[in-house]
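Two complexes follow with chain A in common, the first pairing it with chain B and the second with chain C.
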Partner chain A sequence: MTSALRVRPTKAGVAKVDGESSWWISAGTIVVLALAWELVPRFLDDRTLFPTLSDTAAGLVRLVSAGYWWSDLTGTLMSVVVAWLIGCSVGLVAGIALGTVPFIRTAITPYAIAVQALPKIVLAPLFIGWLGFGPQSKIAIAVVICFFPVWIDTMVGLALPKPNEFKLMQSLNATRAQTFWKLQLPSAVPMIMVGVKHAMLLAFTGVLVAEILSASAGGLGTLTKQFSSQLNMPLTFAVVIVVVVIAVTLVSIMDVIERRVVFWSEESRSRKS
Partner chain B sequence: MVMMMTKTAPLVRAEGVSKEYRGRDTQMVALSGMDLDVMDGEFLSLLGPSGCGKSTALNIMGGLLAPTSGSVMFDGKPVAGPSRDIGMMFQQAVMFPWRTTIDNVLLPVEVFGQSKKKFAAKAEELLSMVGISEFAKSYPWQLSGGMQQRAALCRVLIHSPKLLLLDEPFGALDEFTRESMNSELLRLQAHTKATAVLVTHNINEAVFMSDRIAVMTPRPGRLVGIIDVPFERPRTPELALSPEFAELALKARSMLELT
Partner chain C sequence: MTAVADRVSELRADTSTWRRAVSPYVVTVLIAPVIYGVWSYITNSGMVPSILLPTPQKVFEAVPRVVGAKGFSDHVIRTVSEIVLGFGLGALVGFGLGMLLGSSIRLRTAYLPFLSALEAIPTVILAPVIIAWFGFGIEGKVFQAAIACFYAVFITTLSGLGLAEPNSVQLMRSLCASKLQIMRMLKIPAALPVIFGGLQLGATTAIIGAIVSEFVGSDAGLGYLLQRYRSGFDTPAVWVMIGIFLIFGLIAYLILWFAERKIVFWRAAAISRPDLEKQ
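Showing the complex of A and B:
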């Protein structure tokens, strides 16, 4: 989940190292880490449990060249996408309902706080019990885990317009619907995008955890569990690397979409400059 | 002044308008018993220090606030809420950053459910009148503060309101930009023949811009008198150097009890 850090908006100028020197720092850390990974397991004298970088690379090559796990990969990806789409829709609708109807906000807020505090993964056994080991329970668990940030960010985003902006709409005698479509929703889009990006990684986490919990489900989570129970650490690591590559790719795609959609927000403008 | 003599019916008539805010055990009188007529076509300033109720009076005229007591008539009808014939401008430009400048100017047209196409030519004409037509497709955050307020001026004029309510519209700008914006405003007001009410705390600005100045003082906010400003239009910067100008500014100062 280190990549979740990239989802959070960063304040402009904070921790900004100038281009050239930051390039060397990144390259330097990669070299140091790679060397450490290659050398430290040799001193530990237990290369089965702690494979070196080259062992892991060999495992990755073996995994990628074998075809047996493609259905696991596509199964996981499909579940993530479906759960993410459902989670975002549910979050958006819930956020709009709470953000625009004071009655619903008052009625729901105590539950929202309770749900926020709840480590939602504890609900996983319930869903597996209700829905079985198939993709349905995976998707349900992922939806429950991922919809929350979209919900909250939508709700917060709808309240972002400044008093003056509401006053302008009021002076034009705008209806509530017009104020929503022309002011509140566009203002909320940058926040919603943050929630949607966060939800993508949470959906991924949810699906993987569900797969690890229900060993017969298939998917990349099941695969890591199987490999680790065989003490085949290089292949376990190889699956982890596949997961990392997918997560980074997803986040990068979302970043590109975000920059296109909210090019006008102060956040994206400050990142560009 | 000529217009005032030919058309004597007031466009706005405020009678005994008061606004009080009640807390649990506090009571704050923002505006107390204001009687004021705004004549059709005139430029009137509400001048006073902060807390004198000038913005409150403006918001009541615009139908954004309901008075605690008293009544306001606009164009012969009681004010019950915001009207399409009234355009309001605030201290900030209030441009939506996701809309291009021209789309911001066209916002009232959209809200009123009219065809944007029909008004596009007018929007472009207004933008070129204030000298920012080349920024029509730019976003407001690519514009300076002065240019944003020029766009806001176009937005308030797009639907040709009879009455402009201007709440220190250039108060956030630097002195030089502010002066040129004021001339721009006078030029456009003369061109559109709209009636204008300007809220300001700047005495020279009030004298330079207005046909009449309504002087207000705080605690409680009330109207203490009206100064007629008989200078010809169009007004030039040299006017501010004349002894007559200084005399009126001094009169305003004494009514504000600043001397």
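Showing the complex of A and C:
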């Protein structure tokens, strides 16, 4: 595939450096940002659109103590998880089916590029029109959006071993299945994990877009849309904060899983490059 | 056992000669009519409801109607300028901040915890907020596209700057090169291939940001047009719009691909797809 798909934003370049104390920069930045958020809106003519930090905090307390939003929260989370599971399975199966044979991989590359180039979110209105405002349309959109990185990363990952490594397997009289299980899959797993993590974020995005577009479906996206159209900005920001917290939590969980599953990955990455 | 092994290697030899004889791209060309045939079959036989996917004939008939509609070019210009301005803004800010953090170890260590949080944020959740702030005009769409593509460019710039060989950095230092010279002559060239990866990713996300923002609320643009056709249950026209977005994505992809080959010319060989790389 192209470099866009091969070069993932890694944190290789942002390794922690010992001996340089810099916590005061992080803490200082947080304080400055918080102060700016609290003070700047007070000098604006229109405070409705830009709530201060304390307004937002009050909105968050109001949101969390209200009973009505729990179904929205669980609805969003359920849709994300279901869509992510389906998308990853589809992507993995498609990647293995199409990625183990170099001939097929080369043949379908132009189509893979086309699928990548299409902003799949444009299908959202169609799915909503077809499947209605329920969770099915949310899940369908999220699946279509999130299966792609898993598919591509599986395909690229299976092709990662060097020609000599394939030749070694051949000279050891390994069957195709053995080559797959012992050589291709282990070297593909770090890459697949990146795709799986990316898919989680994309599934979340897909569900939120579907919820924002179909305003009667329920879910955190619908809440944001409704609150902002009432110009109730503190509550809108409260929902945004909830979404950010969920997203960060999901990514942290994925990071932990990634480290557990591909504990050898840093080493293998440095070997590959 | 050996008989089986013989048979396997025999089969393998067979397929490899067959594969050498036929170019994979022959199959590529053959896939298109197959897709068309399946599309035509499942729609004409009623397996897929026409409200979701109309027959190919209907979609192609709708092309002149959609493209020839009054004001179509205005919608195209509107969406293109949203994407280009938003992508430009987001990429510029992302590159600048990436350079800033990439050139200072202290800043990088300080902001490391925030970076994964930035990665996680689904920017689309801000779409309703941005509509409330900026209204239905072009500014909100540019802003949405900019925040959508910022992160990819930022993180690739940041990690790209760390890619220069430590030995080369030491060589530059021993030649009395200033920090600026090391940055300009060594670190940025080393980072460029990675940054282009980020730009390509960012172009895709910028297009998504602009479209989502147009879906949520706008008075012009292709996303607005698509929503209008859909609420009129004109599904063939919706599919024509989807085709137009596909062309948009491909054009963005090709522009960046050519730019990459021109600017990162020394990596031109490495940029070619790995499945075509020989050894």
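Here are some notes:
In the analysis below, the second predicted complex is superposed on the first by the 241 of 273 C-alpha atoms of A that agree within 3 Å, B and C clash if a C-alpha of one lies under 4 Å from a C-alpha of the other, contacts with A are read in each partner's own complex, and residues count from 1 in each chain.
Convention: a residue touches a chain if its C-beta (ideal position, glycine included) is under 8 Å from a C-beta of that chain, and two chains touch if they have at least 3 such contacts.
For clarity, every value in this text was computed on a predicted model and none was experimentally measured.
Ranking chain B and chain C by residues of chain A touched puts C first.
Of the two partner chains placed by the overlay, only chain C lies in contact with A:Trp23; chain B stays clear of it. When both complexes are overlaid on chain A, the residue A:Leu172 reaches chain B alone and has no touch with chain C. Contacts of A:Ser65 after superposition: neither chain B nor chain C is touched. When the two structures are aligned on the shared chain, A:Trp130 is found in touch with chain C, with no touch to chain B.
Within chain A, the residues touched by chain B in the first complex and by chain C in the second are 173. Contact residues on chain B toward chain A in their complex (touch as defined above): 62, 64, 81-84, 86-88, 90, 92, 94, 96-98, 107-108, 110-112, 139, 141. Those residues of chain C that touch chain A in the shared complex are 5, 8, 19, 24-25, 27-28, 31, 49, 51-52, 101-102, 105-117, 119-122, 124-129, 131-133, 151-152, 155-156, 158-163, 193-194, 196-198, 200-201, 204, 207-208, 211-212, 215-216, 223, 226-227, 230, 233, 235, 238, 241-242, 245-246, 248-250, 252-253, 256-257, 260, 271, 273-276, 279. Interface residues of chain A facing chain B in the complex, by the touch rule stated above, are 162, 164-165, 167-174, 178, 182-183, 186, 189, 264-266, 269. Contact residues of chain A toward chain C in the complex are 1-4, 6-7, 9-17, 20, 22-23, 25-26, 29, 49, 102-111, 113-114, 116-119, 121-126, 129-130, 156, 159, 163, 173, 175-176, 201, 204-205, 208-209, 212-213, 220-221, 224-225, 227-229, 231, 233, 236-237, 239-240, 243-244, 247-248, 250-252, 255.
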